Amino acid sequence: MSVNIHPTAIVMPGAELGEEVTIGPYSIIGQVARIGKGTVIGAYCEIGTHAGVLPSSAVEIGTNSVIRSGSVIYQNSVFGEGLKTGHRVTLREGISAGAGLQVGTLSDIQGHCSIGQHVRLHSNVHVGQKSTIGDFVWIFPYVVLTNDPHPPSETMEGCVIEDFAVVATMSTVLPGQIVGRGALVGAMTLVKENVPEDMICVGVPGRIVGSTSKVRFKDNGKSVYPWRRHFHRGYPEEVIARWRHEFSQEDDAK
Amino acid sequence: MSVNIHPTAIVMPGAELGEEVTIGPYSIIGQVARIGKGTVIGAYCEIGTHAGVLPSSAVEIGTNSVIRSGSVIYQNSVFGEGLKTGHRVTLREGISAGAGLQVGTLSDIQGHCSIGQHVRLHSNVHVGQKSTIGDFVWIFPYVVLTNDPHPPSETMEGCVIEDFAVVATMSTVLPGQIVGRGALVGAMTLVKENVPEDMICVGVPGRIVGSTSKVRFKDNGKSVYPWRRHFHRGYPEEVIARWRHEFSQEDDAK
Amino acid sequence: MSVNIHPTAIVMPGAELGEEVTIGPYSIIGQVARIGKGTVIGAYCEIGTHAGVLPSSAVEIGTNSVIRSGSVIYQNSVFGEGLKTGHRVTLREGISAGAGLQVGTLSDIQGHCSIGQHVRLHSNVHVGQKSTIGDFVWIFPYVVLTNDPHPPSETMEGCVIEDFAVVATMSTVLPGQIVGRGALVGAMTLVKENVPEDMICVGVPGRIVGSTSKVRFKDNGKSVYPWRRHFHRGYPEEVIARWRHEFSQEDDAK
């Protein structure tokens, strides 16, 4: 098997590594790790950490993933192909994530949550347990998704961030709130109530201030949202083609 | 001595390890480390780091502690039994902490501070120097306790968080402010003035909006606070018994 | 050559280490690293990481620097003498920084930015790409400098933080905003508009509330700002002498 394991890495018996997997210096790969073909794992990573809570079971990391140094990924999770992490991320137990998930440096997904396709979390994002994140969502640095409506308690009400929604830097989403499809949460916003589809929420406490359709580029006056109309970097060809088709039809209808 | 030291760990001469201590791969245990019986230290930890500021002296970690991977604990501190840390925490010099301290992933205690019994800091909490934290305090993610009233200066006025107080996510406590016993600081609050006992402070800037007694569970209408009436997870039996006794007497009095 | 390399460190052929350089346990020094005389690198550091974006080129770290454990420093950057980092900092590609830069634990400089002389970033500061930071700037914990005016987009408008400016804890500076020379951004402020020289901006959204000259020490009634009048800790002798001269002349003129 053409794997590339640094001599200082510790790979436990039972770990399954696909072809052309690379394991960096000083990393530790547990026996329940299932790592897809072509994946590159940097230095000082721990894959398959056991929290001692759930029974031991596999962590699956999809093909062609990149796990940057210092990251910790627990057992009992499944990540689709093309997972990309920054440095020192923490991905705890019970995460189910689709393809193309990006998780920036220092971000911490607390586990027991569901994440859709091609979601992008920037640096230092904190995703509480029981969160539900749709497809093509963007979450920016220092955002916290909470879950306890009256801390500390045994109640856990996860947040829901729907498809194409954008949550900007330093915002907090309070327990159980829904950020609707295509909605925009501005920087440093405290989301206390649901944000309807394609609406903008800003402030502390957050208030709905209008539709995302009113946000326009300074230089050409075109609508910024839905962002998938103009922003395609890094998405798969078939996804981009679908988005192009969606908007060409809309343009034809005008 | 029945200790379990991974062959890649570096344990310096002089370090004192109690029985059944476990040291994970690639960890570094300094000569001034005093690690209590039954404590488990994960991978990539540094215990007994010297900042070069104070004269070198011991760091004591109580029995049955769990230090998760990537954590750095400096010299000149004392932690009671049952310390539990997340990954990559930083505990600097001059910390005196009681039993049962929990410090979440990425949290950073800057040192020279006093922490009571059974305090729980969630992920990514920043505790500035000269802070004083009482017993049974809860501090949630991305909270910052500051200390410099006119930065940058040589003045340091630590915050005081009294027993049973709760500081919710993404709040900042300004220098020298006191969050009173049993008080609640809401999410994303800037605490500019003292919060009296059992009162609620919310907003930017924070304002006192009433008593914690008015917060009730949605499902059964009972009071959420004081939280020790209903939330007992992980506290020692004798503590829970004391709390039960406290409230049974109160209930009898009604 | 009198270097001190721990036997577990990995130093790649081509790396250039000045005299009296110390490399800690388990650190990885890439072939493009150029590390100045007297610099101390702690454990678990990676110096010269390649993001695979730009062509491979050197990272230069000035003399007498201190890089604390768990830090990652990419290629294609230049740091002046006396760089000091906390633990687990991330310094990405394309940073040009003057002498005396301090970067606190967990801070993340995303690269492609310019930083002046003797800048001090405290813990957990996030500096977005295209930021410009002047000389003698202070940035406190959990501050984020953003760059995308309508996320997600291909537009990048970096922030500018001018000489002697101070940005307090938990503030966010929106894309393209300028914090003027000597200005003060209060804790938990959302900077949406430029802050003029020597003015104070506070709130969400941030508003200009007056001049820094009105901030006075409680004990002696003297002006806090410009802070260089009274705060000299850690700056080079010649810098302190210049500041003393500046204010003695001003005092003489009164």
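All chains are identified by letter, namely A, B and C, in their written order; residue positions are counted from 1 within each chain.
The rule we apply is simple: a contact is a pair of C-beta atoms (placed from the backbone, for glycine too) under 8 Å apart; a residue touches a chain by one contact, two chains touch by 3 or more.
Just so it is clear, the structure is predicted and the values come from calculations on it, not from any experiment.
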Type of chain A:chain C copy interface by residue overlap (half), same or different: different
Copies chain B and chain C - rotation angle from C-alpha fit, nearest 5 degrees: 120
Intercentroid distance (Cα basis), chain C paired with chain A, Å: 28
Two or more partner chains touched - positions in chain C: 8, 26, 44, 70, 88, 106, 124, 142, 170, 188, 204
Complex contacts: residues of chain C adjacent to chain B: 8, 25-26, 43-44, 69-70, 86-88, 105-106, 120, 123-124, 138, 140-142, 166, 168-170, 187-188, 203-204, 215, 217-218, 224, 227, 230-231, 233
Complex contact set, residues of chain A against chain B: 8, 10, 26, 28, 44, 46, 49, 70, 72, 88, 90, 106, 108, 110, 124, 126, 142, 144, 146, 149-155, 170, 172, 174, 188, 190, 204
